[in-house]
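Two complexes, one shared chain (chain A), two partners (chain B, chain C).
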Partner chain A sequence: MRSIKPDRIRSRVGKGAGVCVFAHPAILSSGMLLGGSIRRRLALGVRLVCLAGLAAWALLTPGFMTPLSIFSLLTTVSLIGCVAVGMTFITLTGNIMSLALGATLSAAAMVFLASLSLGTGTAFLLALLFGTVITGLQGAIVGWFRANPLLVSIAALGLIIGAAEVLTGGTRVYPATRGFAAFKGRIAGIPVEVLVFFATVILGQLIVSWTRIGRAMQMTGSNPRAAEVAGIKVPHIVTVAYLLAGAFACVSGVLLAARYGSGDMELGSGYDYGAIAAVLVGGTAIQGGAGSVLRTLVGATVIAAVQVCLLLRGFSDQLQYFITGLIVLGVVMLHTLGERA
Partner chain B sequence: MTERDSSILSVAGATKRFGSVEVLKNVSLAIRRGEIHAICGENGAGKSTLVKILAGIYSADGGTVVVDGEVREIRNPQQAQALGIALVAQELSLAPALSVFDNIWLGNRTVPLFHRRDDLRERARRALGQVGLGDLPLDTQVVRLGIGQRQLVEIARMLTREAQVLILDEPTATLSDAEIERIFAALRALKKEGKAIVYITHRLGEVFEICDCVTVLRNGELVGTRRTAEVDRIGLMEMMLGRTLGEMYPERGVHRGEPLMRVRGLQVPGAVGQFDLIAESGSIICLAGQIGSGATEVLRALAGLLANATGAVEVAGRRVTLRSVPRSRAARMQFISEDRAGEGIFLDLRVDENLVATRLAEHTRLGLVQRRRLRETARRLAAAVGIDTARMRSRARELSGGNQQKLAFGRSIGRAAPGIMLMNEPTRGVDVGARAEIYRIMREFCAHGHALVMASSDLEEVLGMADVIVTMYRGRQVGRYVRGHAGMRQVLADITHPAA
Partner chain C sequence: MTRRWADRLLRAKVRPFTILGGAVLVLALMDRGTGYFFSVGTAFSMLQLFATFGLVALGLGLSMLVGEFDLSVAGIMSLGGCVAVLTGAHHPSLGLACGLAAGLASGFVQGLIMTWLRLSSVAVTLGGLLTLQGLTYVLTDNRTISYPSMEVALGLNAPILGLLSLRSAVAIAVFVVTAAAMAWTHIGRDVVACGSDRRAAMTAGVNTDRVVIGVFTVSGLMSALGGVLLDYSLGAASPVALADVLAPAVAAAIIGGISVVGGRGHPLGIAAGVLTLAILRSGLSAIGVSPHVHDIVTGAILLAVAVLDAPDLARRIIAFRLSGGWRHS
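Moving on, here comes the complex of A and B:
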């Protein structure tokens, strides 16, 4: 049986989806659970049928239900998933997405590797701090200056890549010690990436639906002016959303650094696209205000599952880009169908 | 003389529906040359709908239009222009980056592709002269002009289109006194030339100052047309209101309590100057004024929404710093916006989420929100303001205007400590049936020792609800009246054209 490299999968997920994200400002049927109109129910029905179809197709794919492919699926989901959970906060507050998260996590991976001589824990915290501060700054600019979030993230992307180039001279970063072993391998038979991701999802969902700040994010995304009138400090909330996005993305960066044992700016390329595709397919409203981390988990899983199945069935790279593009486009159109009621 | 007396434009039986709502019912009126004809009525009376039909922006569902003795159909703005009917809308349609000259000819159908520029310049200059802007250089960029001058340029533009009937929709709403005088001078000159002018206004003072006759609409129906010489302010006001006060409004509180809020020297540059206010607990204070009176800005400043507001504000003896919503809220001042869709409530969130939107802090323990307690609170608040608890999981968007307003009110009540409710236009967009209920819960709120300060341009509402009426005109207080000490006449006089 062919072995599947998760990194190959994720780079494809990313690039194919990225194009389509721009194709339409998707609108999600926020009331997809109960009630609502016939159209909404129809949209929900189509979704469920698609999910069932995908599940059946996956089960019929030879080799899908083997530990190897299941774990590779889970690992792929996890690496994109951590970024996607972070992205969910940005989308939820009505700031669409960040195109700089991939570069941020690459840079964080390098920070982690370069500072491993200070101890694994310290290196991890430094990497997290790095990503949190860099992304938080973008949030502050978006929040206080009301700058366009996409443009801010594009500017940040350039700054991060440029600064990394200057500091590293464009070379790969290799760690001084092998202190990253804690972030790879398996615990009780389950890949560490997967365990870390589950912790991320639980923490993320807890923040979104069980904390004041999560509620405030939903209100801000739903209507920033109304949030302000309701006494919410909108710039603060936006900044916090970005802080969280940076922190979650960097978790993925550290996992990748540990996985490959060295890092450069290519490490995380495409992850931001993969993440936004997961957010969209999961069904968080691109205009903000409605969504959840659990939906993002579903989205990341769907995309990774399709990728793995296509790989197992021996389809070419090009076709996989195409299929991922189709999925995102289909989801985006489904969203408007549900909303137009 | 016979020609001047004949009507140039008349409408018979005009009817217009939006969906199932009939906004204009069988309205007839006649406009004569050399006359300024006012159209008055409350918000929603159908004034704007009527003139938009005349200008071809809406098409009527019924009725006939006669122009110069011939029955005509006006299907679109181009046809209206061809018939000599021109509308100067409230939102001006000039292109600020272009010159006065370009703006005057912009969109004029009669200009050929190859034209003599000198001829056009000459005609533009003549039109500007007609509105008293003869000395304005044609190449001035419109962006450099004041609002009043822009208004006049817009009128001049209509004159170059050979307009015989000029319709002005609240032309003075945003103008200063000096600018208003220039507009009036221009209108008087045009009247002398035999143009017919339809003048929509909220300001009754202007009706008597420059209009020859006035047509009153109410709830989409024609109340009547009078010559201004034959009617007085009270008569006109009664025509506009048409129904008796009372029943709609709940009984007032028995006594007024201690002062709960004191405002001294409140200032908002360009909107409010040196405004003082005292709100006693248990009472409803109405800031009565029209658009531009500053009443809305007073409320927004107190709510912490205006970044340039200054003044000394005390609530229950404690000093409140303005310019921050959270600080105002901490001082127990709650603002309820008239613009529910824009900033009042969260249309896409559920009813229960809306109801608890401002009280998450009280329902948080160990950093986590207590969802069950939140649901209970939402239920309690919904019951208090009369929202069906079966609708707790509906989106706020799906509620009627009245229910949305109850939602906005509901999220602001339920606190024991005396607070101040700041309500702007409490019943805007709320149908008559739900109004009485809103008024009732407003009064009930005050009965618990709170105070309510509301701004309203609806005089009937002001007189029906207020324990204290504060009349405002152009950012300043004109008068302050305790219940029963001022009637419609006084309030109206204050807010339209206060004694100099």
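Moving on, here comes the complex of A and C:
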């Protein structure tokens, strides 16, 4: 699955290549190209060593390989993971991140709980529709006017929080029925959250790598101008990416609502930062164009594994945030080291 | 004639003050002469809010002016405050120094990483934000830490001349100094040059790396100062929710006429942006509107400015008109 990515080709050939148009292929391959590929391999190597080290550390942690810790790891991954899968689409199209997804999923959870009396399926669809429309509108503004994505998402954050507080009067929302239990139990011994999360990962990865929209998203992210020249309707693609992001984030909102049985605007706060951390740790490029949902799955798992290990080894609960931040910084630095020839 | 005036009022340099005037006018109309809005109390609380968000907005605004984006200001603000409260229990000035040093170091290191590895500032400061916020959680153990000396809090918040407090006076002084430095020294010229065209600035002999590192260091310093002043005056430090700081700071900078692509804007514009937000907050609560309406109003203004500044807005409108307007689309 390799689409045309002008930025990456340029970075692979090296900065000087644009100047020496008539350079012999042999010179290119022996000089700059090789230099670039060594860097790439080095970065890949460092990444693999880190992953292996983490795996060894996890296995050596007493109590890690028990069903209890594995399931707690999987559930942690699932709740943040659905949001991260959604965020992947935004990052992939070159729009960095949405700071409003956490608030969106809180609001979607409240929509879900408030409309449970209409039936579980209807409530789920309403919550999904709510998040999709709210986030899709932001995508349309970003796509059609090329407005700054961070600004639009911060504006949306203010609007969502303000509207939610005014509408609910700042009170928690409690469900009328217990129809949310369907999203809570276990099927064949596996928590429903985990099953739902794996379904979103598979669906997300199928969209990214097997559909024309997914390919168009990668091209849009790597060079929007080139994508437009190639006949891609960039505004549509960006809007679709945001629509998907909203839908996936709201799945997490419904799972959270089912887990806690009530909802307020605090429910999903911080989930947007957790999600972007998972996306970046997985190795999706922050400038867009290169990435996948499977990488996000890896990123979310790495972060959750570190958290579980720290907890099992008796470190303070707070250390995990600090370590996660350091991992994000490290991966971002490593990533550009590998990308740049 | 009216059109020319409208153009003049909406021009980038004047727009922050137009929005500020508009906000005052709307609130005065909503107040309907009951006098709750035009009172010394409202003005005082407005300036207190100015002190809370002003410095962090100024730091963020300066980073946007140089064409970058400092997401970490929220983390630095909360770190600076916590470090100051933890170290300055007996000597407030020692705490102030430690808090400022933490902010300075965070900004400097991030600037260094960015220029050294040629990384985008959003990527580095996003990592920085998560790291610094995590560090704050570790330092405070995710609890609210109270500051033993209440005299400091009372001293910082005591009214001076009815309107100001020591805290807001410091914030205003920082704004004045920054505005003066930007207007009359070569630093201001270099920052704007780097923001509008990095390559051209480099060709013209500006050490752009040094400017970027400098701006991020100053931004860290200002955010930390804002955090120290806030936590000292609250008498407590706690790891704040990130959105509570970042959203108002970005909104203030954008309403204040700072362009996201860099090179456009002025510290006085940022001051007007912060004042607009502060007036909306304290004014709306003074006349008895639900306190969360200001979130909606701020979001709406921010969205409007984001759309107005979007590079493709004109293109889409022209394409829409050419296609025959509403009838055909």
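By our rule, the second predicted complex is superposed on the first by the 304 of 341 C-alpha atoms of A that agree within 3 Å, B and C clash if a C-alpha of one lies under 4 Å from a C-alpha of the other, contacts with A are read in each partner's own complex, and residues count from 1 in each chain.
Everything below uses one rule, namely that a residue touches a chain if its C-beta (ideal position, glycine included) is under 8 Å from a C-beta of that chain, and two chains touch if they have at least 3 such contacts.
Because the structure is predicted, anything quoted here is derived from the model rather than measured.
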| item | value |
| --- | --- |
| Side-by-side fit of chain B and chain C on chain A, or clash | fit |
| Contacts of A:Ala230 with chain B and chain C, given as first, second, both or neither | first |
| Which superposed partner A:Met219 touches (first chain B, second chain C, both, neither) | first |
| Superposition-derived comparison: chain B or chain C, residues of chain A touched | C |
| Partner chain in contact with A:Ile96 - chain B first, chain C second, else both or neither | second |
| Partner chain(s) touched by A:Met333 [first = chain B, second = chain C, both, neither] | second |
| Which of chain B and chain C A:Ile286 touches, first, second, both or neither | second |
| Partner chain in contact with A:Gly162 - chain B first, chain C second, else both or neither | second |
| Minimum C-alpha separation between chain B and chain C after superposing on chain A, in Å | 6 |
| Of chain A, residues touching chain B in the complex | 30-31, 34-35, 206, 210-212, 215-216, 218-219, 222-223, 225-231, 233, 289-290 |
| Residues of chain A defined as touching chain C within the complex | 96-97, 99, 102-103, 141, 144-148, 150-152, 154-163, 165-166, 170, 269-270, 273, 276-277, 280, 286-287, 316-326, 328-329, 332-333, 336-337, 340 |
| Sites on chain B touched by chain A in the complex | 303, 305, 325-326, 328-329, 335, 337, 342-349, 353, 357-358, 360-361, 364, 367-369, 371, 393-395, 411 |
| Of chain C, residues touching chain A in the complex | 69, 113, 117-120, 122-124, 126-135, 137-138, 140-142, 241-243, 246-247, 250-251, 254, 260, 290, 292-300, 302-303, 305-307, 309-313, 316 |
